[in-house]
Amino acid sequence: MSELLLLTPELLVLFGALLALFADKITGHPRAAAHIAAPLSVVAALVAALIGTRGGIFAGMLALDNVSVFARVAIALLLAFWLHWVSGRGTGGERSAEAVALAMLSAVGGMLMASARDLIVLFISLELSTMPAYVLMGYRRGDARGLEGALKYFLLSMLTSLIMLYGLSFAYGISGSTAYADLGAVDAGTLGQLAIAFVLVGLFAKLSAAPFHYWTPDAYAGAPASSVAYVSTVPKIAGVVALVQLVAAFAGNGGTITVVLLVGSLLSMLVGNLAAYPQTDLRRLMAYSGVAHSGYILLAAAAGSAGGTAAVFYAVAYAVPSMAIMLLGSEEGTALDDLAGLAARRPAIAWASVVWLLSLIGIPPMVGFFGKLTMFTAALDHGLVWIVAVAVTMSVVSAGYYFKVLRSVFFGERLDARRATRSTPAVIAYAALTVVTLALGVLASPVLEFFGLRF
Amino acid sequence: MDWVTLIPLLPALAFVVLAPLSRAARAKLVPLAVAAVLGSLGLSIAAFLAVWPGGHGEVWQASVTIAHIGDRAITLGLALEPMSAIMLTVVTVVGACVQVYSLGYMHREDRIGWYYAVLSLFTAAMLALVLSDNFLGLFMAWEVMGLCSYLLIGFWHEQEAPRLASIKAFLTTKVGDLGFMLALAVVYAEAGAFDFATVLHHDWTAGTATLVALLMLFAAMGKSAQFPLHVWLPDAMAGPTPASALIHAATMVAAGVFLVVRAFPIFEASGIALTITLWVGLITALLAGLLAMVQHDIKKVLAYSTISQLGFMFIALGAGSSTAALYHLVTHAYFKSLLFLGAGVIIHAAHTQDMRQMGGLAKKLPVTSLAFASGSLALAGIVPFSGFWSKDEILAVLLHEHQYVAFAIALLAAFVTAFYVARLWFRVFTAPTQQEDLHEGHRSMLVPMVVLAVITAVIGFFGPTLGDFLGHEIPWPALGTAAISTVAALGGITLGWYVYGRRTSVVNTQALKQRFPHAYGVLANKYYFDLTYGYFVVGGYTTLARALATFDARVVDGVVNGVAAAWRSLSAAGWTFDGRIVDGAVNGAASAVRAAGDKVRTLQTGSVRSYQTLIAGAVVLLVVWILVKGA
Amino acid sequence: MTVGLPHVLTLAALLFGIGLYGALSRKNAVHVMMSLELMANAVNLNLVGFSRFVTPEAMTGQFFAVFSMVVSAAEIGLGLALVIAIYRRKRSVELDAVQELKG
Amino acid sequence: MDFPLLTVIVFLPLLGAAVVALLGNARAVAGRVVAATVAVVDLALVAWLASRFDVDGGMQFVEKLTWVPQVGITYHLAIDGMSLAMVALSALLTVLAIVASWKTEKNPALWFSMLLLLEVGMNGVFVAMDFVLFYVFWELVLVPMYFLIATWGGPRRQYAAVKFFLYTLFGSVFMLVGIIALYLQTGTFNILEMAGAGLDPKFQWWVFAAFFLGFAVKVPVFPLHTWLPDAHVEAPTAASVLLAGVLLKMGSYGFLRISLPILPDAAAEWSTFIAALAAISIVYGAAVAFAQTDMKKLVAYSSVSHMGFVMLGIASMTPEGLNGAVAVMFSHGVVTGMLFFLVGMVYDRTHTRMIAEVSGLSSQVPVAGGLLAFASFASLGLPGLSGFVGEFLSLVGAWASDIPVGWVVLSAIGVLLAAAYMLWLVQRVVLGSPSAAVSGIADLSAREVAVLLPLVALTLIVGLYWDSLLRFTDPAVRSILAMMGGA
């Protein structure tokens, strides 16, 4: 029983998810689910942060080390922000309770995945965090495009997760056990390298890194922006942690892994930044931006343990502003013209969007810059000079399309300047996201100290 | 003795007071400027007397450190010693005369206040230059004078001609100033400081000495309008005549000669620089003299005459005697400014600058004629007048240095000088009158002229005393050279009388033109200098600038924008690694056409099956790569 | 000859290949899901094979296979729900009908 | 240092910007006053600091705290003579910019808060002694300048603003790579500790290349200069003044503070190349300026030419050269600031910047005409005015150094070409008879003259008594050269 207590954050979120399903019926208030779930997940995050114990639980199936705890707290917090926003704005359909429940279930999957140290637990938590996402994409009644997106997402990620499972089975076969600790030998033979390659395919698809990113643009374009806000950020953090843990586990001579990671990184950066330019819809733009950022993350992951920690930190640095932008998109409409003239109508949010976009470009003092700084330091330490040069150029290129958003927000003209309805929980969510984007950049050291992260 | 700093300070203060005021207020405060220059005159005479009795060196020196750089300090300072004492008197006397004269000449001008303000600034700068005890201070005063000459030439800036003349003057002298700036850099690199004491006592190797000397010579040629940098002085006549009298006759143009005199030890150390200076002087003296012969504008004649006389000073320097040059500088300052002031009265009376319309002014303007006569005779080099003594001294130095060829050319130049002086005199004063209402200048204009006339007549006798005052002996002219130069002068005058002065011949303006048509053409076009400069230097530079501007806007900017544009089209094209070879991986080169633009977008075909194939393709590639790697 | 690990692995690989081919070539969504299911079972076979020959005493492989079956059951249930929803909207299950989102 | 003076100087405007933004457009008048007081107080603090500044004391008012120990980043502020000159310039120009743009109607709250935010970045860059802190301020400056140009700019402001942002960002990201490479080599982000670290030349060469890209774009050096004319022409007057007055100097300051002391061998290797680029920038900038028809573009290209002298001074690596470089940086800020203010004031009255359409200012508006002539003469380097000091010392320094003579002579010709385009401007704009656009316009108001007077005074003081500036910069330059092992 005692070890189970260590999982209280996950249990809290799970309990919250089940409660949310029925809250509407019980209380009759349309957005009751979110109202209950939001504080719950904040408590979950606090508990996760406060649990001091580190080390393996459930006979090594799970482990709580600094990076995983950091990821679990981040996932819980981001979930809390999202729920706060949903409690303020709702998800546009009347089935927001289900959306809340699905998101929380996916979050539980993510939190487990972050601390998984066993292939079986990894596979199950991966599926647990992905499946609700399929439904989140297409749950809005009568929306053919949403369904289409969801189906594509389903088929493609099922295909890739099966390839990953195939790889996992070989990994188990060769090493004789499913625990990460024993996977060191897998890298030796060609069969082992094949296994690792297949596993990486699954993780690449999870992070929507090229060349396995094809589901992302279509899925995001079809789905409601609020779901995209969640799906494009929280599951990715868990994915990154799993990737980093596996890369460390498969250490071996690291030959294949590094090459695969770097090729994936290069492709993602190029495809992500190139395709984002012509986009006019925020969801597609952010989809490709996600691809580009997973390119940077793969680069960091290929740079040893320091790189891994930096990758996880950067995943959070990417997730926070992206979620904020997508939430704004769902409020104002995701075509760039819908955002036109926002600065005139809602100056506060407009200036907050400046903070988010600049953080994604990597401009100090926002968290994006700090993430990139630590990532590039680790990468350069591993001598990946040319890839860092490409990454650095790409982040300048990315400024190009992020400025397209900024330009329409500030300098676009909008005729029907309808005032959005005021909603305090939504404002709280935005404020929290902006504070994290700013604070985590400048005041990073207390956070790093608390979680004991070393670069 | 610290009151010596007041000498340049008084006119400077006048400028500081006058400049910021409104136009009307300035006009009222004009007497303040005149008072300032008279004050400086008084102090200069006192300073001169303080140094007068013996030729002993520095009487007073004060300097201030304006910068510490590394372990060296850069100082600016003033020093009173024989040479600067003499120059002080010359500048303040001529300056005072010009300022008094301008009261009358410019009184109808509503911007007279600004004229006096700039004149005061100029006088202050010239005095600072003369007193300066180091090359940097000299250079700074030198440039400020360039600014004043720009402002004065372009005084009537509403009209086109003065505007163009002023920018021409500034830029041509600026070309020379580049030489000075580089010379300063070399001096600093070599001697580590700018003040005369350290620089001149530094043991210069022949090479660096030549470099510095030539650079300084180049600067002097720019300022003293020697060939080929002389083009700006004739055009500078577009400015008010008294200003020309002060600047383009007596002081500023002499600054070039003064610089060479100051840096003479370096010139002597280099040797070659002296010969070059000599030949620059010879060429300029002769060619400018010839040009003066064919000018119809009275001020242009005087301008070319100034260039020619400065040529003589360069000859003296080239011949190795800086004292002779200084002596000629002093005498020339007086008689040339006198001639310019005279010309001012003549122009006022005849309402034109063209000599062909003048005539018979001797009777109508008695005082001016007398003063003008004194100046002309001095310029021509007729015996009692100052010009004769200093020019003779130069010829004597040439003989003493056995420069016979140079002596011959100088003599020819002297002959030509006498000729154009005579031409001017007969044309303006004795030719039949063509205008009726000629009236004498106002009293305030005549008094300074008379003063200058007297000085021109008298100063010649003080040659030797000037010599031992400066420490270099100026002997009384030997009978031989005196005779030869007088013969040359008288010859020039008789020829001038023969061509222009005889009562019988009607005033034949075309006299020279018929006799030497071709030569006249060359002279009329001023040896085509202006045309060549105008076409090649100015024209060439403007076309180059325009070409570079378009180059910058189109190519350099284009290249950069091009890269950005190419990137945008490339990015829309979506450089992709497309599994299906048939479809053809898009060529990643930056030249991807926008049609192939949104390849990535077309890649997202929307069909799940194509995505699955792409994924499967990627996995197959991965497997193949591992197997190959493994084998 | 007795059935050894290599035989099991080759069989599983063959099954996986067939499933993959099926997923790529079929037009109908349900057929694609059936081939995906085939691939899932190939993996299960693989797992059980390893469990039998590599770690006979510890049944980890078999646990893995059981969990994998549970997960793919859940996935197929969800997938079919999606396909039905699309069928209700578009009256067709062909994957080519589902091409609206692109670019 | 008990009282964190430098932190207050840097972050006071940030507080001011927040207050002004919160006051909003409704209470713009109050906002304006707050902005002005904050700027003036900041200037006063800088003046007070200058008064207590010990000239030969090297780095002073040091504030050092650990910021992110896990990665070795320290919050380290300090100031020496060179930084003090630049901070003073930035504080002064901000006050003048605020006073000059007192009457903006369009969104004044945002305008003044952007100006103050810009000042935070500018002040911060010159006092940050930790690479990451330096980089944070370096990038921070881009955001307000982007909005200043994009919101209040001319017709092509969007294009110019984005071009400005991307250009500088492109340079600065490579600088970031250089910073990280240095961190990996020396284990710290602190600039002062890195100075004289004796890194191996090959490595130094590459890091110098990365920094060169970042700084050269900002200076700007030919051929990376094409963003400047667009940015200047489209930027509103006050933004142009700060852009030309301070932002350009961050590039050259970077060379002096970072590239020279930390990478001495590479600096020696690159010096001839930089001198060549400098000479070309001088002549190229002057020639293109000569052919311009738009006053602002002419002044913009003149900046390219003047900054060429800065680079020449830096490339010489002699005491005279470096002092000359800092002198040009300071005097160019003052003089070009004056020029841009005047062009702006003329534009407010005649609504045209075309040289052909404006003439005869001196007769119609004598004060404006006179000041424009004064600024032009200072800009072309008339001795006695501050323009001459820096350019002369750079040339003297370049001559004494081992830069090939050809480039030094070419740069000297630049002085003549500067006289050419400046006089040509004065000729057509100030002199002559008043053109249609000019006749009937009113002369400068008291406020406008008040903006220009301090700049005129500074030009004269520095021009006549060089040590008023060099007293501060010479010790700083000497310590940099010492750090370079007297290379």
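Annotations for the structure displayed:
Letters A, B, C and D mark the chains in the order given here, with residues in each chain numbered from 1 onward.
Definition applied: contacts are C-beta pairs under 8 Å (C-beta built on N, C-alpha and C of every residue); 3 or more make two chains touch, one makes a residue touch a chain.
These numbers come from a predicted model, not from an experiment.
Legend note: the chain whose CA centroid lies nearest the centroid of all displayed protein CA atoms is D.
Interface comparison, A-B versus B-C: the higher number of contacting C-beta pairs is recorded for A-B. Once the centre of each chain is set as its mean CA position, chain C and chain D turn out to be 66 Å apart.
One inter-chain figure worth recording: chain A and chain B are separated by 75 Å, centre to centre, where each centre is the mean of the chain's CA atoms.
Between the Cα centres of chain B and chain C there is a gap of 95 Å. Work out the mean CA point of chain A and of chain C, and you get 27 Å between them. Counting partner chains per residue, chain A shows two or more touched chains at residues 151-152, 155, 159, 217-218, 400.
In chain D, the residues touching two or more other chains are 166.
Chain B has residues 598, 601, 604, 606, 608, 612 in contact with two or more other chains.
The complete set of chain-chain contacts reads A-B, A-C, A-D, B-C, B-D.
Of all residues in chain B, only 22-23, 65-70, 74, 139-140, 143-144, 147, 150, 154, 157-158, 163, 167, 170-171, 174-175, 178, 181-182, 184-186, 188-189, 541-542, 544-546, 548-549, 552, 556-557, 559-560, 564 touch chain D in the complex they form.
Remark: chain B residues 567-568, 570-577, 597-598, 600-601, 604, 606, 608, 611-612, 614-615, 618-619, 622-623, 626-627, 629-631 touch chain A in the complex. Put simply, chain B touches chain C in their complex at residues 598, 601-602, 604-609, 612-613, 616.
Those residues of chain C whose C-beta lies close enough to touch chain B in the complex are 20, 23-24, 27, 95-96, 98-103.
Those residues of chain A that touch chain B in the shared complex are 151-152, 155-156, 159-160, 163, 189-190, 193-194, 197-198, 201, 205, 211-212, 214-215, 217-218, 255-256, 260, 267, 270-271, 273-278, 397, 400.
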